[in-house]
Amino acid sequence: MLVLRRLGQALITLAGAGVLVFAMLAVTPGDPARRVLEARGVGEPSPPAIAAMRDELRLDDPLLARFGSWAADAARGNLGTSWRTGRPVSDEFAARLPATLRLTGAALALAVGTALVLGTTAALGAGRWPDVLARGIALAVLVVPSFVLGIVILDLVVVRAGLGRVIADGTWATVFLPALTLALGSVATWSRILRTSLLEAGSATHLRVSAARGAGPRRRLLVHQLPNAAAPFLTMVGLGTAALIGGAPIVESVFTWPGIGRYTVEAINARDMPVVVGFTLVAVLTYVVAGLIVDLVCAAIDPRLRS
Amino acid sequence: MSRGSLVRRLAACAVVTAVAAGCATTGGQEPTPAGPPTLTLATGFAIDDLDPLENGYWGPEFGYVELLMRPERGGAPTPWVLQELTNPAPTTWVLRLRDRVTFQNGTPLTGAALADLITFQLAENPDVASALEGATAAASGPLEVTLTTARPAPNVPSILADESMVPVYDVAAYRAHRDSGAAATELITKGLYTGPYVVDTLDAESMQLSPRADHWGGEPALDDLTLRFVPEAGARIQAVQAGEADIALYPPTATAQTLTGRQDSFYVTGAATGPTFVLQFNQREAPFDDERVRKAVYAGIDYTEIADEVMNGLYAPATGLYVDSRPWAEKTQAFDATRAATLLDEAGWTRAGDGPRSKGGQELRFGILTYPQQPDSDTLALAVQAQLARLGVGVDIRQVPDIQAAVEEQTGWQASVYGGGFISFGGDYLTPLVNTLRTGGPNNYTGTSDPALDALIDRLGVELDTTERDGLLRRIQTLIAERGYLGYLGVRLPAVVAGPAWRGYPVPISNLWVNAQTAPA
Amino acid sequence: MTALAIRDLTVVYPNGHRALESISLHVHAGERWAVVGRSGSGKTTLVRAVLGLLPAGSTVTGSIEVDGREIVGRPERELRALRGRAVGYVPQDPFAACDPLRSVGHHVEEAWRAHRLPTPTGAVVGGLAEVDIADPEVRARHHPHHWSGGMLQRATIVAATAHEPPLTLADEPTSALDTELADDVLHTVRRRCGALLLISHDLALVARHADQVVVLADGREVDRGRCAELLSTPTVLETRSLVEAAVPPPRRVPSAPGGEPVAEVRGVSRRYGPVTAVDDVSLTQHRGEIVGIVGRSGSGKSTLARLVAGLERPDSGTVTLDGQSTRRRLRPGYVMPVFQDPVASLDRRWPLWRTLAEPVRARGAALTRDAAARALADVGLDPDLDRRPGSLSVGQAQRVAIARALLAEPALLVADEPTASLDVATAAAITDLLRGLADRGTALLVVSHDRARLAGYADRVLTMRDGRLG
Amino acid sequence: MSILTRATPRVRAVHRPLWRALLARPAAQVGSAFGLALVLAAVLGPLFLPDPDMPDYADQLAPPSAAHWLGTDQSGRDLLARTLAGARTSLGAAALVMALAAVIGLVVGTLAGAIGGVVDTVLTRLTDVLLGLPSLVLTLAVVGVLGPGYANLVLAMAVTSWAGIARLARAVARGARSRPDVLAARMAGVGPVRAVLRHVVPGVAVQVAVAATLGLGEAVLALGGLSFLGLGAQPPTAEWGTMLAAGRDTFAYAPWQLIGPGLGLVLAVAAATLVGDALRDVTEPT
């Protein structure tokens, strides 16, 4: 029922993204075969070597067949060969993905936590100083670009104050500063969405009825207001994961975080499309999975969605 | 409890949890180890594995691989793993090995092993094959190998001193490993090399090495050697400032100025082995199909201003294709604004007052290609733009992501700044000349094709007598200057950023950062 | 003991609006009082004052004692202890009063949980059984949207009277439900409460369930007395208008169904997947005739209205208007709609003259400003043509909607619950207006759940149940 | 009416024209003040300041002084002049991106919402895919195909950022089909297209304007981010992202390099967000 329909939509979205992304791969200038050979140290690739590589990469098959085999490989997790290092992209990603997941996970937690605090403070103190203060903070963190913040944090906090490490090793011990920088980017939008939905839920009649029953403000907030306000907020969080993944390359390259974002930045400079396409697929997959999870959580919260 | 206090209580507990989480996940500073001498190097390029063919050239730089000869700043290469290198006849070279040189896996380096190594490299390494075409090597004694070249090859010593040509390794063990189809990561356990340091661990982030007590040259100076792979230059320097690394390699020239007055990091420079940034013109396209325009531009550039003003003394002024330390160096480049002006007038690019020069209604304007991988290329292009503006010559700067692909095209570019010396790491002066300026050379992007120049280069290729060689090289440099085929913008002083303990670090030539004697000053 | 003692209560809202002016009222245990008045007469403020839930910053003078304990000026903590225990509250719309995410059982348990009291075992299931809810054990776990309006209101009453509070406030407990459920719900309320204060705008309904009644107008008490007397011989003007509006006299002279047929519906059916909304309905409508269709929600009456208006095409059968079977060749504006939500039926960005001009321009004619002003005057509105719907009251907006419909010179008006969102007095005025239109020749098809009001102005009233016209 | 509706009777807000209502709000005043200051400075800047691209090697990385209010950069170029030149590049590009995105989004959204059926499903799926793809990666892919350069970057950004607006426009347009005032107009004889155009499109246009203004802030940030990664403006053009990237290596010694572009970005994003927020509050009061 609901889950199946959502799963269907998610698959269509993935397929659509696949087609879009493959089109980009197919259209990029430069001859992949020659670049892969050069990447593997072959100084002047001879025509027969190039022909062999073209065959290995199946570059000469008709477009549709190429897409079919590419999609099949991608489904099995084989993201093709990097034009820069000549090695399979999936191996490169496998080594670095945990670090990125750790970073985006920590950033997601931080962003949701901060957004909850700012959004709730703004909604509860609507119109008064908490509202202005919370929205001011949200605006301040939105306005300062993450890479400027990263540079300043790196120099002041890490080098001058001696807190944290410059060469982040991708473990939980050094995740806080990069995760904070990444999280602040989306806190503003999320706290604003939460504030609006909290205010909307706040004016709902059942809240006044529970007040008339003698319920205190904390019970009204936690038992009734927040759950009702959760759905739009969670949908935004689902959408926001794409922004987090999108922001990862910049933050990872500023904080030398050994994730796939930074690896993609290096690929960007070397115009290594398979890696970029791989990163895109990982990003879309995370976005679709996050969207599914959010839908399931919302359905769990709101029984009306289940029918 | 009113709404207001609920808000305050909620905010307070949130802040407390945030701070606690923050401290827990922000690792403290790495304690700087006092005690015995250790070295942590932050380098920009990751080493994938220890495969001698794929990544052998990193070995000599970081002390876990050695070469047969050692390149020298001014003169010819000196013996390293070899005891002696003699050239009894024009096409025969005798290589005599030091005794007691053993690979880390214990097998000794014998004459037979060396001959087998050279033959294997000639077959597998395309660079060695093209540099020593038709050469053969045979063991002529327990610790001696005779190398026979097809024709006299004066650059054999330089080739044996080049990191990408013949790194010394146990070729039998490597061939066995390769035939077994095992993964390259297992090479760590094979002990293929003879270097003073042994690679213990290697991953995408760092390489850990430890000293080899039984090295033929005696106990190495360091107790521990670590390489950390950090592509971002800024991060490497900050790692040194934060005490996480002792030396940061490949620092951008721009950062030197920012380190003045700091006590936690120093910009340490060494003597240059050769000019680094070439300004090359595409002779197939206007306006550089006209020789006078090329010579005018080379004469119109103020090399001293570039070195002292633009680069704040971190460059040495370019005087020609070689630095003075080379015995045969000729001073072929000099800033002469009037000569440049007269050359341009002769070429028909006349100028009214101090407006732009034009010919037939068309303004004299050309584009220079730069590339992000070398930030100095932008700075130099900008300086050239400003200086040529004084002569009324317009310059447009265009940054391209892949400079190699751009200059390989016959058309579509007029000029480019390109990082590349005119002498190889090993000191080989011949191959760069053949590849870059001889007709049909693989790197001859400028389209230079001059029979007189080709003849001189071919004679140089077989000239073993040094005085004769120097005379030929001088005539080649003068001819290149007269035709305006090639010119250099500046001589970048090799540099590193060192922490307080390594302030006196002697910046080596040819990137050979670590050897058995390297130790904190 | 007096359950409720209000002495000289005056309430002024933060924006300066004087909602209540020196109100006094005593309700003893077991007594049943009603407070009646138009919308804006202050009934709502009175309830909120007794519950101590007035918006922050409103000034309250006088005294309110609930079960002997003073309310006015006491700290929030004290008031919260009273709510639910000393005074019960029954809201208007049961669906809006229940948190959609929680089960009905949770809604009832809230009465105890709000005071951090343990729910006595079996209290919830027992309570629901007492108000004769079938199979309470299972139903309690369901969510509000699975319940019918009447049953849910009974559950809310159980929640309101969980602590057997000495005073119960019932705030228009039946106006959101179908009329025939009203008496049943009020019986449940009376059975479960000590003293009762019933708030309503429907005097007739209240008279059957309360002993005494107070009539409010613009925040002041204008009349008071026993229900029976007030209902039979209303002396005060306000009371008389309320009585007439509440119980419209049945239409005395049914006009003969003269004139040619405006709309003919033959054997029409409409299905939405498995559900048959309209099942083989036939109907003929003549010029100047008001046909009323009554049915509970979900009986298919709205679908029938849309079919006649041509907004939907029937699956089988024919709808012939002005002799043509399909809508396309029909003269534009032959059929015009009147909606339940008047404000939404007007474009909130357009001034009134532009909304009125739209149907005229659609016919190719032009509407002069004074023609527009006359159209507004015809429906009893002051001719301020530049106002926007945002500044109109619900009643005024409905009048503009009708004026717009008339400017298209329709032969037939199709109205779906035209008076549902209006209070009694305004509804009465609109029905008179509609009656006037019919008398001037326009046919009207009106769909509603309020049989009594429809009977007051329709020529024929048909009942629709499960898609069939009875 | 019962306790459950608003306490005070319907507020008779006299409906002021949109922009006067907008300017009455303090947030909008501050936002538009920032915006105006930036635009004026960007336009009038070159009249008073030296040529932003003229290097002065005697004066490299000079701290802020009377001659150079914001100091000079690596090549001795005046940072104030470059920041204002950067303003023209960044703001111009961001405005262009949002304008293109707004137009594409409006058309696609209204079409999907109004027509429904297969067209709606296809367009919605496409919008959903574009929303899922991080804009950085999509932009890169397009730049990879078209090649680097600011024009390609602006085109790539526009192609990837219309999804949000399309989603908004579709929601409003879809609701419109069943809106009573549209039904009344249709029954009065107004054609379907004209009915949607006159009743629905103004509403959609206002909401799209709100989204575009908010999007302007994000576009400036994204352009900065992409240039920071070396994808955007090529040297020597002055652009905030590239200037920040250049300032990164020399930050410790010459922190003032970040003031110009950093402040520029902050002011631009603040102005866009404040005005956007106020515009949204005016059009749909919560």
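Order as written gives the chain letters A, B, C and D; numbering starts at 1 within each chain.
Quick note on the criterion: a contact is a pair of C-beta atoms (placed from the backbone, for glycine too) under 8 Å apart; a residue touches a chain by one contact, two chains touch by 3 or more.
Note that the structure is a prediction, hence the values are computed from the model and not measured.
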item	value
Contacts common to chain B and chain D (chain labels)	A
For chain A and chain B, chains touching each	D
Chain whose mean Cα position lies farthest from chain A	C
Pair of chains joined by more contacts [C-beta pairs], C-D or A-D	A-D
Per-chain Cα centre nearest the global Cα centre, belonging to chain	A
Centroid spacing, where centroids are CA-atom means, of chain B and chain C in whole angstrom	87
For chain A paired with chain D, centre-to-centre distance based on mean C-alpha positions, whole Å	21
Inter-centroid spacing, chain D versus chain C (mean Cα positions, whole Å)	46
Length of the line joining the C-alpha centres of chain A and chain C, rounded to whole Å	49
Junction residues of chain B - those touching two or more other chains	2, 238, 241, 372, 401
Sequence positions of chain D contacting 2 or more other chains	3-4, 230, 248, 251-252
Of all residues in chain C, the ones touching two or more other chains	51, 53, 91, 93, 96-97
Each pair of chains that touches, named by its two labels	A-B, A-C, A-D, B-D, C-D
Touch list for chain D against partner chain C, complex	1-5, 7-10, 12-15, 179-181, 183-185, 187-190, 199, 202-203
Chain B contact footprint on chain A (complex, rising order)	30, 40-44, 85, 87, 95-96, 106, 110, 113-114, 116-117, 120-121, 124-125, 130, 154-155, 158-159, 162-167, 169-170, 172-177, 179-180, 216-218, 221, 253-254, 256, 258, 262, 266, 269-271
Chain A residues within the chain D interface of the complex	9, 12-13, 16-17, 20-21, 24, 27-29, 139, 142-148, 151-152, 155, 159, 188, 192, 196, 199-200, 205, 208, 239, 242-243, 245-247, 249-250, 253-254, 264-265, 268-269, 271, 273, 276-277, 279-280, 283-284, 287-288, 291
Footprint of chain A on chain C - complex, ascending	51, 53, 80-85, 89, 91, 93, 96-102, 110-111, 113-115, 143, 145, 156, 159-160
Chain C contact footprint on chain A (complex, rising order)	204-206, 208-216, 219, 223-224, 227-228, 301-304, 307
